[in-house]
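Below you will find the structure I want to go over with you.
Letters A, B and C name the chains as they come in the text, with residue numbers starting at 1 for each one.
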């Protein structure tokens, strides 16, 4: 330990999710901002916003993408709110989100904390290995998992059977299929959240931990009073995007169960896909998409507000 | 950021822009060069999308190449992608007006697009004397008929058949494939072997998928066998019938009591069980021949055993259609190609190349004698029934059938399931 | 033109440098053509995923800088609008996007594949989070020296955000490398096929997947990603070490 304290830069609390208030610039901020924003706004405007507006227009019609188009007003939206199959897919999506989000986010957080420990051996190996599932294409990963849980030849069934747990045909089981698909998604996605948490953890100055240790804090106190507040913005960020991703679950369900068994893993985006591409009811698919968009937006804004307020209370 | 890194980024960016700006030259497949050597301003150019990705695709592409070589006025380019990919990419292409002139798709997809006006009605072509369409298999033509009009031509039509493992049959001392349901169950029982008595047989007599079956055709075939059906006249659901209830009960008992088949399996899984030698019989399509050969299984082909009322098999169908993009010149050109496709030489060549029976009923049996699979399947061709012909919302009807059969085989109450299926299917039929 | 360190670049050095670049490019061009023709799907995958990553990193970071550092009216609204674009599933916008790309004549070109993804809301928001965490004191020193916004962006914010940029870069690259449907929809010609779409052609008749071949192909598809990540990961750690304790 050195005798003279090292020169420290003044500590600055991390940025809250909504941004910090600051003194306004004096010289035409709007113009400067426009230059920076220009390319992104052009791309997003042309290739995302414009198609979204087209989709909105389509949602009030019976269009199939080609051929005759007729205005039907709110008929599609009424059907979205009343069709029992849609309601079932909403329930499935909610259950899926509630299963996927906490698991993926907490697993990523715990693993990041473990790997970030400076005394952890082989940290860079773990870092890469844990990220590999994310890099495999989803179709291949889902297929590998289907193989693992195959009732006839699956390794997982074999091992679990050895300890007395008989899963049967998981993907055909009405109660087990949805959690199973959610877990495959967790396996595939946690690596990315893990890396984000790692980056967020690296941002926390080690000197804070050292000072706390000197003051006699144990690992739980260090976690509670240093890690948690400093990571809360990253945590909020990951949570918001994990929820958005879960609400839009499609690929793994398409590959593993196709929405089955008899609709038990049908999610909202599967319905959108089937309506638009299988039944050629693009108008209805667009209406369903907008209902999903509004729900997701509200949910995200609530999360924003919740975490911003917490940040203000903490600092 | 250092100056060097900035320069590197700039150079990379410029390179990327340059690459992005230039489009690679197209390498068309199956076009023959214009014999005169100079671009013919009158040449009509058509694109043809199909999903025959195996050796059969080569045969089809050759037929197209022959067509291109036989005349100067029309040149067709083929694009091959798996069927599922075509299904996903066809809609955006149609929407932007960049779709193919001719597209092939599984037969049950055609009515959905035809109903929305994607395809040109071909009744006049069928009626014309030089179209070669007069002797096309009537069941096959039914699959392209929507609302009384014909919106395409068949590219493939074959009844589902029973494929059996001759080696396993011989080991159990069975000399001939079963011809009735009762024989089928008793043969299956003999072929179901559970040596270690754990309740899960190592070898099943038969593998019967209970959902997403091959071409969605297994359970319709079983329903037909007992005199039942799913939809009548394309408008009325008739799934809830005593005949169908009996059929479901028969198979529910057979599978539950003697485990002659694994449960919860889908069509593709069933093919896997058969190809790994774990089941002695399966119901499948002509590609089972290739799969069996790849897995060194000595296979036999037999018709689906007859049910109590009749012997029938649902057919697998592939159809092709001409997209309606407002260009009558291209439509006329595509029609010419269809006439060429259905002349006797090409019908035989396509049958032999695809391994499916010839689409024309007036082809002599010895013309296809060199492919025994084709011979065997052609002999069964009369058993083939089109699946849900003319039904636009087949997606929902088949989903209801899947739910019915899957839950029935899982042991649920058949009467209740049939009632639910009846109302779902009727709702699907009434929807558009 | 002076470099940041104050050295003057002689015209002769610039000229020499440019000549070297041109000659090296010419020398390597035939090699590149050989490699790319032999492994066209790999090349297409690299160009597509790499192109999107490059443009997205640039455009997203520019936009994120504006949203993090410049206080202008309507910033909050713009932020919400950008986030909202993430909330519509792409199945709903695929057909309109395709119509637009087709009208631009960009089907079967890299422009059509890359441009719609050259900026994304997630990247903008993600980078904004990290830019906000970079202390403003660093900027103020440069501002006193008279540096403009772009200089601050380039010399202060970006170098301090390298972990975030690399993380985002990996994310974008992997997602586009593995993307199946997008290249299939926007290119109809086999010559433009990517590695993942090429794998679908391995599907046998009746939808049967030849597992051995498919797995081998998938392994080939993932190896470049793992190698890339190993490389990036080391730089990631190095950059953490140099930007250091704040």
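Definition applied: a contact is a pair of C-beta atoms (placed from the backbone, for glycine too) under 8 Å apart; a residue touches a chain by one contact, two chains touch by 3 or more.
Keep in mind it's a predicted model, so treat the numbers as computed, not measured.
Participant: Name the chain pair with more contacting C-beta pairs, choosing from A-C and B-C.
Facilitator: A-C
Participant: Among the chains, which has its CA centre at the largest distance from subunit A's?
Facilitator: Here the answer is chain B, farthest from subunit A.
Participant: Would you mind pulling out the distance in Å between where the CA atoms of subunit A average out and where those of subunit B do?
Facilitator: So the centre of subunit A lies 38 Å away from the centre of subunit B.
Participant: Taking the mean of the C-alpha atoms as each chain's centre, how many Å separate subunit A from subunit C?
Facilitator: 21
Participant: Suppose each chain is reduced to the average of its Cα coordinates; what separation in Å results between subunit B and subunit C?
Facilitator: It comes to 41 Å between the two C-alpha centres.
Participant: Taking each residue of subunit C in turn, which ones touch at least two of the other chains?
Facilitator: Residue numbers touching two or more other chains: 58, 95, 99, 115.
Participant: Could you list which residues of subunit A touch at least two other chains?
Facilitator: 65, 276-277
Participant: Mark out which residues of subunit B touch at least two other chains, giving numbers and ranges.
Facilitator: Only 88, 91-92, 95 qualify.
Participant: Using the touch rule from the top, collect the residues of subunit B that touch subunit A in their complex.
Facilitator: 87-88, 91-92, 94-95, 112-113, 116-118, 211-212, 262-264, 273, 278, 393, 395-396, 399, 402-403, 406-407
Participant: Quick check on the complex: what are the subunit A residues that touch subunit B?
Facilitator: Going through subunit A, the ones touching subunit B are 64-68, 151-152, 169, 172, 258, 260-263, 274, 276-280.
Participant: Would you pull the subunit C residues touching subunit B in the complex into a rising list?
Facilitator: Against subunit B, the touching part of subunit C is residues 3-4, 21, 47, 50-51, 54-55, 58, 94-95, 98-99, 101-103, 107-111, 114-115, 154-155, 158-159, 181, 184-185, 188-192, 197, 200-201, 203-208.
Participant: Quick one: which bits of subunit B touch subunit C in the complex? Just the residue numbers, please.
Facilitator: Counting only subunit B, the residues touching subunit C are 1-3, 6, 9, 11-13, 16, 19-27, 29, 53-54, 56, 79-85, 88-89, 91-93, 95-98, 214, 268, 271-272, 284-285, 287-288, 290-291.
Participant: Which residues of subunit C touch subunit A once you look at their complex with the stated criterion?
Facilitator: Subunit C residues touching subunit A: 58-60, 62-63, 65-68, 70-73, 75-76, 78, 80-89, 91-93, 95-97, 99-100, 115-122, 124-126, 129-130, 132-133, 135-137, 149, 153, 163-164, 167, 170-171, 174, 178, 180, 196, 209, 214-215, 218, 221-222, 225-226, 229-230, 233-234, 237, 240, 245-246.
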